[in-house]
Structures are given as C-alpha cells and as structure tokens.
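Next, two complexes with chain A in common: one pairs it with chain B, the other with chain C.
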Partner chain A sequence: MRKIINPADLESFRQSCIKDMSREETWVAVCCGTGCSASGAHQVVSSFKEALQEKNIDGKITTRVTGCHGFCEQGPLVVVHPGNYLYCQVTPDDVEEIIEKTIIQKKAVERLQYTDPVSKEKVVVEDQVPFYYNQHRLLMRNSGIIDPTSIKDYLAISGYRALSMVLQEKSPLEVIEEIKASGLRGRGGAGFPTGLKWESCYNAPDNTRYVICNADEGDPGCFQDRSILEGNPHSVLEGMIIGAYAVSAEKGYIYVRNEYPLAVKNFSTALEQAREYGLLGENILGSGFSFDVKINRGGGAFVCGESSALIASIEGKAGEPRDKYIHATEKGLWDKPTVLNNVKTWASVPYIINNGADWYAQIGTEKSKGTMVFSLTGNVNNTGLVEVPMGITLRKLVFDIGGGIPEGKNIKAVQTGGPSGGCIPEKLLDLPLDYEKLTEAGSMMGSGGMIVMDESTCMVDVARYFLSFTQEESCGKCTPCREGGKQMLAILNNIMEGKGQENDLDMLEEIAQAMKEGSLCALGGMAPNPVLTTLKYFHQEYLDHIRDEKCPAKVCRNLIKYFINQEVCTGCGRCLKACPVDAVEGTKDEPHIIHQEKCTKCGACLEVCRYEAISVE
Partner chain B sequence: MLEELDKVDEIIEKYIHDEAPYVPLLHDINSEFRYLPKEALKRVSQRLEVPLSHLFNLATFYKCFSLEPRGENEVQVCMGTACHVKGSPRILERICHKLQVNPGETTEDQKFTLETVNCVGACALGPLVIINDKYEGRLSYKKIDKLLEGYHEENNKSS
Partner chain C sequence: MAVIFINDREFQTEEEVTLLELARQKGIEIPALCHHQALSPYGACRLCTVEVCKEDKSRLVTSCTYPVREEGISVYTDSPRVKQLRRVIVKLLLARCPQVKLIQDLAEEMGLEGSPFPLHDQEECILCGLCVRVCSEVIGKNAVSFSYRGAGRKVSTPFNEPSEECVGCTACAFVCPSGAIKVEDSDETRYMEFWNTKIPLRRCKECGITYTPENTPEYILGKLELPKNLLDLCEKCRRKAVAESLSNYDVTSRSVIIKK
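Right after this comes the complex of A and B.
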C-alpha cells in the first residue's frame, strides 16, 4: 500500500473505498463483540463463510465481522443487508436457513426474529426494535456496519475527513474554539469541559506535550469504552490525532485495561494501518504535523482509571494518585503538559468537527451536550449498550429501551456511576440524566454504568458490595480512604449479620463525610456515595436489618432461613443431591427437610427445585 | 533455568530502550512463565539497573502479576455488579467448594488457579466465568459442575 500524501489523495482513495463497499449488494454483518463472541459468534461466521462457499455465491456475498451492535442480551446477532433483517441468538445450525430464505428468497426467517417482550410482536428490521429506535446512536452507530480491522471501511464512512479538514483549514486555536463551542464535557465521569482542558494545555509554557486516552474502564458493569475500541477503533484514534494537533503534542498514549484483549488487538491493528497509510507518524497528510500513539496495558488496578494514578502507571511506577493542586494540563506525564480524556470523549471529536459545534450543541440539555453511552445491565430485559441524548429520563431508558424488568418483578432502584455513584430509587425515575441532576441526587454520571435492580435486591448488600470493591481497590496511600472504607465495611457487615445498632447509621455518615473531605483522589472521595444514597433513599431497609433483624429482600444470609414445604415436596431428591454441605435429608418420594445448623444458605436447593417447595423466610 | 533466562533476556531486549519499560516487561514475563520467577526479576533488575524493590513494588501492586506459579488452568470468576446482582457470589462459593481453594490460590495438584475479576464487560451473560480465556456465561450450579468436570477429565486424559 502506498502512503496517502495529501488531502486530495485521501479523497480519491476514499472514493475507491466507497466503490468497493457499494459493490457488495448483499452482505451479512455478524456482531463479534466480546458478548456475542462469548455466545459463539465466531462459529456463526465460519458457518456463513463455508455455506456461501459451498453454494458458490461467496464472491457476491460478504460476511463481515463487525464490532458490538449493543444488543448483547440477544447475541449472537446477525443482520442481513439490504433490508436490515435482524436475527437474534443465531447458532451455526440457523445459517443454512438464513441463506436460503433471506439471502436467496428475500424473505424473513420468523423464528429468529426479535420478539418484543411488551407487545409480544415479532420485529423484522433492526431499526424498528424498540431497543434501537429509542436511541440516538452517534458513537455506536458505525460499530455494527464496519469491519473494525479495516481502515478502508472506516474511510468509506467518511473516516479521517475531520482530520484532513482540521489540518487544511483550521489553526489549533480554532479547533479548541470549536470543541469549546460544542459544549463537549469529559465522558469519563467528572464532566470537565473538554475545550477548556485543551486550552489550558495549549497555554502551558512548554515545548513537549502529551495526549492520553483513558481506556482503563474499571467500573464493574461498564463496557461501552471497550465496545467502541473493539468496534470502531479508528474513531478514537482520529479524535486523538485532532486533539494532539490542537495542543501541539507529538506523542500520545492509550492506557487500556488488561482484561480487554480484543480492544488491545483491534486498536493495535488500527495504529498499524494508520501508520501505513500515512495518517499517523511523520508529516501527516503532508501537513508538517507529526504524531504517534503507543499502547500501554493496565495491570488490573482499578485506581489506575484515576488520572494521576494512570499517569504514574505509564511512567512505570505503581499507580498511586497524587494531590492535584497542579493540573495535568500543566504538569502531567513526565511533568509535561498533558491532556487526558476518556475513550468516548475522543471518539466524539471527529463527529463535532465534521458536523459543526452548533449541530452537536443542539443535542442534550443546557449544560450537558451531546449523547452518552450507557451500559444497561442488571435486572432488565434488554441488557446492552445504549446511546441516548443527555437529558433523557431514567424511566424512558429502563422501560422504553431496556424493555422493563424481567419476570414481572418491580423495579427498586437504578445504580448509576459505578462504585463511585449512587442508587437512585424508583420514585426518582423521571430524573433527566445529565451531569448536574445526577450529582444533585447524590449519584454521578461516572463512565456510564447503569445497573437496574429489582425488588429482590437488598440495598444494604448493594452498598456493601460497592464499598468492599472500592476498599479492596484502594491503593492505601491516604488514611481516610484506606481506614475509613475498612471501618464502614465492618459496620455494614455487622448490620447484615443482625448485629447492627441504630447509632451505626450516624457513624456511617460521619466516616463518609471524613472520607469525602480527606481523601487524596476521587476513589476515596466518592467511595461512600453508594452508602450515603442507600441511607438516604432506603433508610427503612437499614432499620429493618437493625431493629427487626430482618432482610426484606431475603438476601442477607444471617437473617434468612430456607425451609422445605412438607406439603409440596415430592421427595424427588434433586435438592439432596445439589446441597454442597449435606444439610438436606430425606428418603426417596418422602418430603425432605433442611437441617438448619448445617445449612450455609447458598440457595442451591432453591435453584434446582422444580416444585417450588422451598421457601425463604 | 539457563534456557529460561535466555527467554527473559529476549524480553528485556524488546524494552531496553523504552522510557518506562517495567510494567510492559513484567506483563510479558508473567505471560511467558505464568508468574514472575524470582530469577527473572533479579535478571531484569541487573540488566536495567533498577532496584529489585521497585520491581517487587510493581509486582505486588498490580493484580495481574503473580509471584507464585499458577495452575495449568486459570478460572476467573467475574464479580462485576451485573454478575453480582445475578448471583455470582454463589457461583464463586460453589467453585471454591468444588476445587477446595480460595480466590487467589492454586489447587494442590497445580491444575487450577482460581481468581476473581472485576467485570469483564460481558454483563449480558452473567453470572460468568472465564476459563483459560474462554467465556462461559449464564451459569447455574449445574453448568459450573459440568464445566469443571470437563476440564478435570481433559487433564486426566492428557496426563
């Protein structure tokens, strides 16, 4: 491949890419994001390739391995174009029928179509699935269309046009002004205006500057950054190159979580291709501007998602945060001015440049512009990645897009913002999602995790879960975070064991306040949020644990007991076999009993019982 | 050990001119030997002229490094929020019981190492374990028992 030497050259090459893509009349997109891959998407891909070859039509029909489509619940997903036929939970055995009916006869395979859980109707076309049509897909839109390992695919959908335009027509300051005008704010969670961050780095007096992409997506229940890197890595890279041009950086780093091997692989491929085509490296598109990016793999430490800890980690040290009275934009990586932004922030940049700041600023609310990608998970029908305009209500997100709560249960709370966020109760579901409103409710935007919890969730258990997570991940450098978290956790454990006292709740608040004020970084400062919000919105549940020694959701083990209903039990012996501690006793075909002194309350019997004979009290 | 040190030298060569080679270097050694052998760390310390204590600091700070030899099969249980809500603590308990180890430990026969991870981002498939980089989702007690037995059988066959 020859290097692209100038913008005109890029445009003519783009035309040939578009031509190549439009030559394919029929093509099959198979989602091979981590979720669908785990469900067997790669076997589906090879079945398609084999079957098409057998029928001798593989020359006319392309099977494209794409990134995440977002609808992980229904994976592996297959979309047949043209016509946008969406098929869910496809197995290699279904491939023959799809080829025969949809590709050859242009008819739908009904049994593989998505059934709406509310209306029970089959949905034929991808865009008509409620999960998709209620979204505003910008960053996620192309992930299901292009092959992430092909730069030609990205070029065919206007890729690197924004970069080429910036290099030809805009000065660094003009780029910064454009980003400022768009109102883009940091998508990593804190929401600092991106344009201002770039501007202060630009103004910092030094000749060497760096840009960093934070892809250390450590929040449990969050996977949007991974999906963007896996599905459309060039969009992130293009954003980084534009940012580097704006602040005059020559070198960039991307810090990716070690647990995301596919993201590392696809981004490495993107880097190689961009270098090969002259879109990265020396003298990009003949503009005189040079820039390159290096990948750093994380080491499985949550705290490294914090900016100063991440920088320390790239410098080859243990990832411990430092006090930030001097900003990274002045003294960051190796004490040089550094811009550090999240994956979604970088990926938004090319869209803003291509469509203009005004266009972007129309989306969202007054202070929170653009779209946000949330990972919708937990007790919700449609688990997956959703991209919505800022300001959408939680209710719309959970019920219209998420399809509501499975098994007809009631919603109890939605946890946003990961371990540093808070639990928002059912009564606040009409809250519009933007940075300020979430903070007012005691939670935060965070990196966009959204975990739906139904009535069978114990909120004390949830608070303890998040706290034990942050406590485990605390780097131990500062005392409030290290010791405060430990003490709060001990109190919560006591409450869950039925040993709580009412003044424990005051103590929790007091320690929480001290952690908020005294911790060095946001990990410690935000760690009490899950406890504080559950205390605020689910106070009665704490009191039930303390006063009545009861767990209303029947989760806390020391406060519940398992029983076998003697009238219902048929003595089938399944629970007896399943019990790991031999606490179940009984003769065949006679009702069994559970020995309470042996029972560890693991719930294995409940899972295997076919007759609903086991009750929890 | 001589042969192994050659391998370490090979890895060192790859990074010796980097500005901050330590973390990526340890990553490579860890995946080559499935842990960080003492001799390898000493070699890195000598060649890169970095105190052994600094390497030890990194090796104990980052969760993905191990100073103990790992089992042949790595079982990682996802403890992310979505998996937690869907019952991962019970799955973990079951695996601990089956393998007779706690998280972070290796079975006596060196066949399995059990680890917990904080979310691998396959939340739709929870509760989920990763056995040797293969994702196994939507787990129940029954499924996990069957899975582990499968690996046991395979191990017996190969040995």
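Right after this comes the complex of A and C.
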C-alpha cells in the first residue's frame, strides 16, 4: 500500500485495480445488505467459499460480498456473472447446485429464479426483472457490484475520478456552478438547491467552514441512506470531499445513527482507506487541498435528523432545534459557515461531476432533477429499495416496480415522506413524484419513505400511528409541537374508541394548522401532515368512526365485534383454545359463541379458524 | 442598518437587533413567555410570532429570534393569522396549566373561556426554560436543565436528585413567569420543592437570624466580580461598592467591566 501522490499516479493505480477486479472471468455477487444479511446471506457466502475451495476452483472464481441490491423481498440475492443470473431467496443448500449448473455448465437453476407475479414467468437475468428494468439506478447501481470494504473496487469503477478532475481542473466556484447547473436539490426532503447552499457557504465571511453529512435516517421503514453507506461508502465520501473543496472546508462530519453498525463500520473502513491512499487528509492528490472527516454517532433521537438539532448534537449539546432565520451556511457548526447535506445528495455529486451537469439535468422533471431512492414498503409485493427518475408516477412505482398489492387486494393509499409525510389516495396515483407535486398533494418527498397501504388499512389508525411516532420523538421544546401533538393524539384516540364528536375534526384542523405554522422546526411543522391528508382524502372514514361508531376497515378494536357463524362453525374447539381471555364458549362439535363483554378483539380466534366461521363486524 | 415597517409604521435600526427587541424599543407590544432581556433568545413558546411580508410572500416567524436584516420588510404583529396562532397556543397552554395566573390572563384578554381540548393537566410549569437559561447563562451553575422529551418534557435537577450545584440564589424563581418555582425559607434551610433541593441558611453572627443561603454570597461575589473586600465594608460602603460595580456590568459579555 502506498500513498497516491498525484492524479497521474491515481490513474495508473486505477488500471491495476481494474485488472485486479476483472482478473476472474466468473464471479458471484452475494448481497449482504442489512435485509439479506438478516435472511442469512453470510452463511451463503461461507458456503460458496467452502464449496469453491473443495472443488479447487476458488482461485478462478471470486465470491464478492456486496452491498444492497435493493430487491430485499427476495433476499438473500445471488447474482452470477457473467450472464447476470439472478437467484432469489438462496440458502446454503442451494450453493452446490448454483456452482454445478451455472458456474460450471453455464445453465440457469430454474427453481431459484424470480417469478414475475404478473406474467407468472421465470426471469433469468437480473436486468430483465421488472423490479429492476423500470428503475433508473444511479446511486444504487454499484452497491450490487463492488465490495464496499474495498477502495480498489471503488477505484476500478471510476471512483475518485471526479475528485481528481475537480482538484486539477476546476476552481471551487466552477464546482459550485456545475452543481447549480445540474439542478440537484437536497435529498433529505426539503429539496433546497444544493448548489445555492454551497454558494452561500462559500460567500460567508469566515476562514473556518465545515461540511456535514446527515446520515441520521430515522423514518420508520426507511433504509436508503443506510444502504448507500453500507454498500458504497466511498461515493458519499467522494461527494463530501468535492463539496469541502468547493466551499473551502477543512473538516467534515458524518452524523450517522448508532443503530446502523454496518454503515458505521463500512464508512470507517472507507475513511481509513482513503486516508492511507492519500485521498483524504493533508494535501490530497498533491493539490494542496486538505480535508478530513470525523464520524459522529447519533444517540437515537429522531429529531437529530433536523439540521440544527444535528449540529447541536455534534457540539455536545442536547439535540434540540433552533430557529433557522440565520442559515447554517452562515452560522452553523460552532457558529461557522456549514454545509449540511443528506447521504444521497453527497453521493450524487461524483456522478454529476463525472457525467456533467447537463447529463444530470436531463433526468427528472423541470424543477426536480436526477433520481430519487425510495424505500418501498408496506402492502406491496416487491418491497425494497428502488431508484427512479424524478417525475415517475406513483402508479408506475407501486405496480410496475413494486409488483402491485399482495393477495389480490386493492390499493387504498400511499404514504410518502416518512412519518411527517402525507397519505396520497388511490385516485391520485398518477401523480408525478417530484418535490412540488408531492407538497401540493399535502405530502412531501421527505427522505424517500414510501409505505403502500391496501384496503384493509384504517386511515384514522394510520394518522394516529404516525402522529404517535412524531409525538414520541418530539423534543418538546416548542409549545405547538409538544402540546398540540399531545392533544391531537388524544382526539384521534377518542375517535378510534368510539368517543369521537363531530367538532373533533374542526379541533384537529385547528391544532394541525397551528402546528404547521407555529412549530419551531420541520418535525412539528410536518407532523400534522398524516392527519391533514387523511382528513382531506378520507373524510368519510372519520365520519363513519364518529357518527356510526364504525371502522370500515375493521381495525379499530373498540368499534368492531367478532362473531361465530353458527351455521358454519363445526365446534372443533380451536378458537376456544386460542382465546387468551376465555371469551369463547361451546361444547365439542357444537357451534361456539363469543362473549362480547369478555372479548378483547385480539383476533386470535380468526387466525386459527379453519372454516372461515368467524367474522368481524 | 435596515429600514423596516412594523404595523405600517417605518422604523430604522442601526445595530443588529431582533424584531422583538426593536418592537419593544418602539413601544409596540408583542406577548412573549420565554423571552427575557438578560437571556439569550430561545424561541420555544412561539407566542411572540409575527407575520413578515416581503413582496408578495408572507410567513410567520418568532420575533424573539428573527434578526432585523432585510431591507423593507413589513411586519404585522397582530394580523389575523398571528392572532389565530396565538389563540391556539394559549388554548394549548391553558389545557396544560389551567391554574397559572399568567395563562389565565392571556386567555381572558383573548376572550377565551377554558380550553376546548380533551387533555387537561394541572401543571404549573409552562416550560419556557427561563430558569434553565438564567442558571446557565447568568449564574453559571447549570444546576437545572431540561429532562425527558416531547410531551413528557420537564425541567429538573439531574435525575431529580437534590442539587449539589445549586447555591440557592433563587434567580430561577425570580425569572419564572408562572410561579412554578416556590422558595420556602424555614429556620435552618431554604427549600425548593420544585428542584427537590434544600440549602442550609447562614446565620447573622450578631443577632443569629438566618439571612442568606450558605454559599451564595461568596459565589455571587466571585461571579459578579464585585470588590473582594465587600464583606469587610459597612452596609453604606457596601451598597456604594456594589452599585459602582453593577453600573459597569456589561450585559453582552455578562461581566463587570472594571474601570481603572
């Protein structure tokens, strides 16, 4: 290992990395992102290594531990190259067959192939799976190809070329102009133009400046920032170094959740490697520019994803937001001009520099450029990470990429933007996904959360769930968020318990409006969105709860009753045994009954009944 | 520095001040609960919210934290939007602290009769944080701070244990606008139930009555950079020395500028 001293040196070293990476013609990529790891990907890796060794072909075939491929629903994922043979839900027992058939005989193992839920056909090649071919994978693409712990892999796929070019050919202002021209906007959710942010930091009169990467991803069900850090940490680091050069910062921080151990580990490795190779630290690539990055691990507070709370937390203070009438670009970390960007924003930078602002600006819509990574979760067939051009419709995302709704149910709504986003109803599924359109619909881009909900979802329950999250995570500093959230939650609980009154809806609107307009930070300002959007698009459902004391989706426990159909019940006694509160009564082989006064509506009887004798009303 | 309009009247400011400071200098009333002129702005109660209009855009900002910088902005301290927000804030606070006189008065001014919201507490603390800031910024002790978060937020000593840092100066009780912090002096001790803290009192060496918490005088003397020989002086000379020192007290740096 040696320090790379100048751009020419980097290019010659890159050639050796490319040679190293393509030495073996055949290689196996095993997704070891968090999802696949949890489903046993590491055992699959071990099996491959052992089996290849046994067959004495381990020198010719590489098993590569890669980052997240995105198709988490089907994990652990294995892709055999060349040929891009995609195998789903692979277990160690499948390894022998994959080696024998695909690696040795160059044939597919059919039983492990992906079956398209719509056409019911087997798909051989990774790129032909609708989940992938409908995407525009930019930030996520290399995660499935490189070993995230190897800087050589990153160099082999043009890594640090953008940095080298910037240091050689561009002035800080030219870099800022390039980012401005690309139209890149903050991927943390607010969508502030990145180039403008950098420019105001550059213009702030001070000699010390900082850059920060916000990796405090806390939305429930969101894991795109995590996956990028885990799967391609150098892309984020390279973006940060370029940004630091553009605003003349010598020090950077990455604020990453401590609950993301693999992200912390892989990013730490990336930092060490970049330092060893001279791509980080003093006099980077002989340019005279010096910069280093420190990792700050978050303590688990959702509010620390808010920029001013995050900065306070790095400073060692309680993670509470402050008013941002004076921007961080003027007075940020330790009152010094600071650029704070999201993981995806930083990771976009090298692609923009390498391919040019014009190229980037061609992707997306007029005002929202580039791609966005969404965590597609909830009642959808293909849960996972999807990267799509801005402006794609929700319908395309949910049905073409997501494969539609499981169990043949109907879609009811999609929640975008995490717990502070809004619920977009089925009738707006043709909404193009960009910053403005989502905001107009009462939701937001957020950091890229996307939860699909089917017809069995109660929208009042959804609003209550998200509000209980934001209320729990509120720092409590300002009155509207602290007191307003508490009251709104109480009102929603009343409605769900059948104690709602009609003026509750006006009260919800009134408090929500005050929270939106009066809260100190975006957490409080956005927290009412799930309530406001469900009130707007699912008003009747609220009224059903209040006027008729009925939950149409049959979710709210206080508003439903379980019955045993006397004509269908065989008296098998399964429900009687399953009931935890002895609410079911009956003699063997005679129809049973449920004592309503005892029933806690846990649904255990419904789950165990084999004769569909139990109904909910 | 900037010419701005407040409620359509033109004002000019030379130095960088906040909207609240400027308005108050000019005799324009803006209600605020978490603001104190001797303490740093905090922006928590949101009652001092005003509407700032520039060209055809308008937004709500808290005047206590909003710096007067932009030329030509129009500020409305009592617009319908502002009034509506303040009403909801007061209703929320009233539901939290129905017995607090300060909140009752605000509600009465707005013509509110009780809070319509479902949850009713009997808190005395409005969580303005003045006690926390005065203890930290002026007294320099950090004996109390916020604990818990969200709806469970409180002010307390660490782990609600009796404070070892507290000198019993009662600056917290002095700035507390809701009367939540009560101080009871008995024969031997000063007791603040709110802080779960007792401080021994010092007796006059002449007549034996208790007159001050044990450590307060020395600590405050050091803090305010008052003459070290103060306790050697008679009452008359002591008053003179304190007055002279305090007249040189600089609020910005929070220290006494000693003129040689």
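FYI, the second predicted complex is superposed on the first by the 602 of 617 C-alpha atoms of A that agree within 3 Å, B and C clash if a C-alpha of one lies under 4 Å from a C-alpha of the other, contacts with A are read in each partner's own complex, and residues count from 1 in each chain.
Following the convention adopted for this analysis, a contact is a pair of C-beta atoms (placed from the backbone, for glycine too) under 8 Å apart; a residue touches a chain by one contact, two chains touch by 3 or more.
In this text, all values refer to a predicted model and were calculated from it rather than measured experimentally.
Asker: Could you say whether A:517 touches chain B, chain C, both of them, or neither, answering first, second, both or neither?
Answerer: second
Asker: Looking at A:371 after the superposition, I want to know if it touches chain B, chain C, both of them or none. Which is it: first, second, both, neither?
Answerer: neither
Asker: For A:457, select first, second, both or neither according to whether it touches chain B, chain C, the two together, or no partner.
Answerer: In the superposed model, A:457 contacts chain B only, not chain C.
Asker: So, does A:318 touch the first partner chain B, the second partner chain C, both, or neither?
Answerer: Both chain B and chain C are touched by A:318.
Asker: More residues of chain A are touched by which chain, chain B or chain C?
Answerer: Greater contact footprint in residues on chain A: B.
Asker: Considering only touches as defined above, state whether A:218 meets chain B (first), chain C (second), both or neither.
Answerer: After superposition on chain A, A:218 lies in contact with chain B alone.
Asker: Just to be sure I read the superposition right, which of the two partners does A:66 touch: chain B = first, chain C = second, or both, or neither?
Answerer: neither
Asker: Can A:260 be said to touch chain B (first), chain C (second), both, or neither?
Answerer: A:260 sits against chain B, while chain C stays out of touch.
Asker: Between chain B (first) and chain C (second), which, if any, makes contact with A:603: first, second, both or neither?
Answerer: Once the two structures are laid over each other on A, A:603 reaches chain B alone.
Asker: Once the two structures are superposed, pull the chain A residues common to the chain B and chain C interfaces.
Answerer: In chain A, residues 301, 318, 473, 475 are touched by chain B and also by chain C.
Asker: Note which residues of chain C are touching chain A in the complex, please.
Answerer: It comes out as residues 43-47, 49, 60-62, 65-67, 81, 84-85, 88-89, 92-93, 95-96, 116-119, 127, 129, 145-146, 148-153.
Asker: In the complex of these two chains, what residues of chain A are touching chain C?
Answerer: Touching chain C: residues 301, 303, 318, 322-323, 325-326, 471-480, 482-487, 490-491, 494, 503, 507, 510-511, 513-514, 517-520 of chain A.
Asker: Would you mind writing out the residues of chain B in touch with chain A in their complex?
Answerer: 19-24, 27, 57-58, 61-65, 79-82, 84-87, 90, 93-94, 97, 117-126, 128, 133, 135-137, 140-142
Asker: Report the residues of chain A in contact with chain B in the complex, numbered from low to high.
Answerer: Those residues of chain A that touch chain B are 34-35, 37-39, 72-73, 75, 217-223, 226-227, 258-261, 296-302, 313-319, 334, 375, 377-379, 383-384, 415, 418, 449, 451, 453, 457, 465-466, 469, 473, 475, 578, 580, 600, 602-604, 607-608.
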